[in-house]
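Chain IDs A, B, C and D follow the sequence of writing; residue 1 opens each chain.
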Amino acid sequence: MTPPASHSRHAVALLLAVLAVGYWLASGYYGKELVAETAITAILAMSLSLLVGQAGLVSLGHAAYFGIGAYALAGFGQKLGWPPALAMAAAVAVGALLALVVGWVAVRLAGVFFIMITLAVGEMIHAWFLKDRSFGGVGGMSGVPRLDLSGIGVDLADPAQFALFALAVALLVYLLLDRLVLSPFGQTLRAIHQNEERARALGCPVGRYKLAAFVVAGAVAALAGTLAAQRSAFVSPELMTWTLSGEILIVVIVGGSGSLLGVSAAAALWIGLRHQLSTMTDHWMLAMGVIFVVLVLVAGDGIDGALRGLWRRIAARRAARRAA
Amino acid sequence: MIIQLLNGLQLAMLLFLLSVGLSVVFGLMRFVNLAHGTLFMLGAFVGLSTVEATGSFWLALAAGTLAAAVAGGLLYLGLLRRLQPAGPLKQVLVTFGLIFIGLEVARLVWGDYAERLPGPASLAGATEIFGVYYPTYRLFVIALGLAVAALLHFGLERTRLGAVIRAGVDDRTMTAALGIDIDRVFFAVFVVGCALAGLAGVVAGPVLSVYAGMDMGVLILALVVVVIGGPGSLKGAFAGALLVGMAETFGQVWLPEVAGMLLYGLMAAVLVLRPQGLLPAGPRA
Amino acid sequence: MHKMRRAAVRAAIVGAAILGAGVAGTAQAQAPVKIGLVLPYSAGPFVAIANEITDSMALALEESGYMAAGRKIEILREDTTHKPDVAQAKAKKLVFEDKVDMLVGPVASAELTALFDFAHQAKVPLIIPNAGDNEVTGEKCSPWVLRTSFSNDQIVRDMGRWMAGKGFKKVALLAFDYKAGHQLMGGFKKPFTEAGGTIVTEQYPPFGRLSDFGPWLGKIRDAKPDAVFTFFAGPPATLLVQQFKEFGLDREMKLAGAGWLVSPLSLPSQGKAAAGVIGVLNYVPAIDNPVNKSYQERFQAKFKRTGSEFGAQGYDTGKLIHAALTQAGGKTDDKAALVKAMHAVRIEGTRGPLRIDPRTNNVVQDIYVFETELQGDKVGYKVLDRIRDVQDPPNGCKLGG
Amino acid sequence: MTAPALAAEGLQKSFGALEATRSVTLAVPAGGRHAIIGPNGAGKTTLFNLLSGALMPDAGRVLLGGTDVTRDGPDGRARRGLARSFQRNSLFPEMTVAAALMTASAIADGGAAAFWRRFDRDPARADAAAAIAARVGLADQLGALSGNLAYGAQRQLEIGLALATRPSVLLLDEPTAGMSPEETRAMLALLAGLPRTITILVIEHDMDVVFDLAERVTVLDYGAVLLEGTPADIRTSDVVRRRYLGERTQ
């Protein structure tokens, strides 16, 4: 789906950022934790949106790269004692490398088979860290180092400041991915998504472009993983379960897969809803399930579609008024 | 050694009952019903309640199978048929949402405690076979799996409905063009698939015990069987179930270090080397 | 953001309602003592245990009408949804937003790892009502983390000698392949081999994959041990007890294990197969002391089932906290003093005499060896032995105290 | 004598028992206009797919400007200057005509790999796209979504996309299929107007198109070459008439 005119997109992005900071200011302790969790989930959702929305590659194992980013940070930072910044960069590289190896195999497959192999690899990695006691196995591992931003007067150990930091990173990731989506590379991904055979006949090495998208998505997901690990200074196999992969896929689909802002808004909705429902009832998963099924049935192309529909109606009414 | 072989065979038959429905539906309608595990769990729970109420395992077997069939039917008519034109992604996602719902409904109705579905008194204890004591109930599971496989094979290969289903798997549009009401056939196949999942649920009750959340582990195993065996074909589901059953059983005892990863590695390898699976359905899967 | 407080107020009202039957006494206008519960109430396999602990702790606090040294006690309940990062976030909310005086929880080891660092840095007392990881009161101990349940080693340390003494020379070990599994099997193995026993097989099935114990029981049969010593809880425990009998192993060897194997939570689904199992644990419903008798009567009256070891730990935690608050004269702003008060108190719990060892912050308690037997048509417990005052060595914990 | 722009040597392809292509050899000189005709089932589409790289031959070679491209896939051959149109429209439905043409040119000249520049702010590429649109008669529909175009316009865009890659050899698969007479005349004018820098090989049923456009014609029969010659030779050849034309004309 072709992105709307850029000035309206950046306006919406600013609006979302202001809303998030507003919520951050108004909320108490736990609200700030939610802002951090939402920012991290939005980054992860944006990375999957690049795959699902632009290249049309539906992955049901994306949490694996999120988890690998967290575990790599724990490995480099805590076990090998590297400085956090270096460990973080290395963790993102490990995520990209894993995506390269898996993607090299997976992009040859199409449709439901692609879903199956991403699911299989995700479960394989989860099973490995469930058993691997050097990383604490089921119990996970604590003591993950945080970035030292004391130079600019920011202490990431304080959850409130960490939430703002995560929000800033999310905004940065949005700007970077937005440029990528609007670049010739992004346009070619959309061409492949809409008609792979024609793209190949025009001379596009389709496999390499899909692989590049897979690697970028893996790297950004690993980045989100490093943030999640620093948020609670802790990693556990819960970071790479297939249910998390499913939730993120739901967020991307509900957000209107191709739109970075749509999926970010959907991430906020998902986290907020999950929290709100879980304070009301222990059976919040029932409500989430129902809401999700309804959204998939009703929302043609998710929140983004709804936003754009709204936009078009406003523009049409304005034009009608001017014409009258 | 013989015990492990029998254990492998028993797990294989259980997996066959569970995955044959998933596989044929996938072959026919090109979509994966992730809520198949939920129907397995529903069958187990309904079976459990029936045994507690009536004390008869055989009634429970019927009740569990019927409940899953009815639930499957409603699921197809209510949700899945409407999503048919929307393509496989939407259908997969809806069934993913149903997992959440199924889990919580089971927890609401049957609580959080694990219960064991008692096997029939007549099959309790162990019998001597090939010079080894082996639980009689598990021999029943093996026998039941083989019987259902034979029945389905006969139904698919010998009867008119079987021919129509195979044609549908091969080329759906062509079959529809021949004036066969393909939707009614798919509905029947889908309901039978769900019924078998419910049957597998009751049968697994005494072996795996019944608790909210038992669907996840089993669903992943079923997906591996469908992919390895070759989606859409009975022979594929049977072969896949045998391979996975044996790999899971022997893997965990002889290669415990790698056991967890073994299955998924196998599935990934098959997806790459033979995406159509070991024994694909029609000539052109 | 008052919405989020509503769950807390709801719990408080429940507390107050029970208060009606409590002591009249003039409650000064002091703020209430706030206790934050961080347990998995909605997702994952431990929902039942979370409810057992919460219900039993309420039973204990009801006895005083939720009052201690003139201050009302308020319970704030937060759901970890079985996710470690949510557990930590909820703990931070309880401490920084709701200003609770102490935290009680969690159940699973992953959530414990997440909460431990936070409680240590925030200097807020965290009382562990279940998770048994040895390191938490061993080399990684913290002055702020106390445990009222057990350490894995504490449960099985004396079982090795006991079984060797009872003539079990060859034993096979079986537990899931994760930290707790290895700690419990290790804790049994050393004293058992020192007492002359031999381990014939030691197997660790992968955690989290519930297929079937057939393969491992097959290997155990070939090894022909006198007994099998195991660690399983919940659905896997139900499964193992059943399949042990189905494979006819009960005719060739004795089934034994950490007491959760035949916990009251699993007994209903195990049926008669659970009879004849030797267990070792810090609690058995059949313990003969007045506190346990009244606890079981009130629990069974209210919840129509036998109180489990998790319930007993919840009840004793409530009693210990109440005693400590009384000891500290209701003052909770000095958290270090509150911990000292916890060290100073001794109470008679459901499990017998209980105290917190200042050198490790772990509970000192009696350990019971028992056997399940058919009592009428139901399976019941018979206490075989009682090992008094089992205390963990510091194991590298430098609390001194 | 410079190598032919496009050549096939002894191409062989069979599907099970069916021999779809039986040792076909042909050569199209640079700037040439060559047509392939034959009844349904003569193996025209199979030969087309062997030349475009969609199918790999069992035996024989395909040469593009003298270099052997037999083992190259469709994208490899496209990058060497071979473009093709599809018999059934194969477009980018959710892209505007302008964006589709720009995308095609970006893919062909490697510009697609750029991941930093803005795709929609590339005036040079936009002008080139507009020029191609004008050439294929879509100048006034640049902003329309490809999926919403009328059938005839989609056929024109089909050719436009191929031209946007600035090919040296253009393979056309029944370009006038399903077109009205005046649409066919417009398409013929368009194809005739293409510069001689582009070599054209066309598969066609419509005899007028073949005889108007082609300088040489290859007649396929059951996968093999029945006859090759100028349109005049084909028209007068009794072999062809008996086998092919005879059954059709008055």
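We adopt the following convention: a residue touches a chain if its C-beta (ideal position, glycine included) is under 8 Å from a C-beta of that chain, and two chains touch if they have at least 3 such contacts.
What you see is a predicted model; the values in this text were computed from it and never measured.
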Touching chain sets, computed without subunit A: B, C | D
Chain whose average C-alpha position is farthest from subunit B's own: D
Central chain (distance from its CA mean to the mean of all protein CA atoms): A
Centre-of-Cα separation between subunit D and subunit C, whole angstrom: 76
Gap in Å, rounded to a whole number, between the CA centres of subunit D and subunit B: 50
Gap in Å, rounded to a whole number, between the CA centres of subunit D and subunit A: 43
Geometric centre distance via CA averages, subunit C-subunit A, whole Å: 38
Contacts with 2+ other chains: residues of subunit A: 127, 130-131, 283, 285
Interface hub residues of subunit C, defined as touching at least two other chains: 47, 177, 206, 208-209
Contacting chain pairs - touch in the sense defined above: A-B, A-C, A-D, B-C
Complex interface listing, subunit A residues touching subunit C: 26-31, 33-34, 37, 127, 130-131, 133, 136-143, 157, 159, 228, 231-234, 236-238, 276, 278-280, 282-285
Subunit C-touching residues of subunit B, taken from the complex the two chains share: 3-4, 6-7, 10-11, 107, 111-116, 118, 125-126, 133-135, 137-138, 206-209, 211, 213-214, 217, 221, 248-250, 252-253, 256, 259-260
Subunit B partner contacts - residues on subunit A that touch it in the complex: 58, 105, 108-109, 111-113, 115-117, 119-121, 123-124, 127-128, 130-131, 242-243, 246, 249-250, 253, 283, 285-286, 288-290, 292-293, 296-297
Subunit B to subunit A touching residues, read off their complex: 26, 30-32, 79, 82-83, 88-90, 92-94, 96-105, 107-108, 216, 220, 223-224, 227, 257, 260-261, 264-265, 267-268, 271-272, 275
Partner subunit A, residues of subunit C touching it in the complex: 1, 3-4, 6-7, 41-43, 47, 79, 81-85, 88-90, 92-93, 96-97, 109-110, 112-114, 116-117, 121, 133, 177-179, 182, 206-209
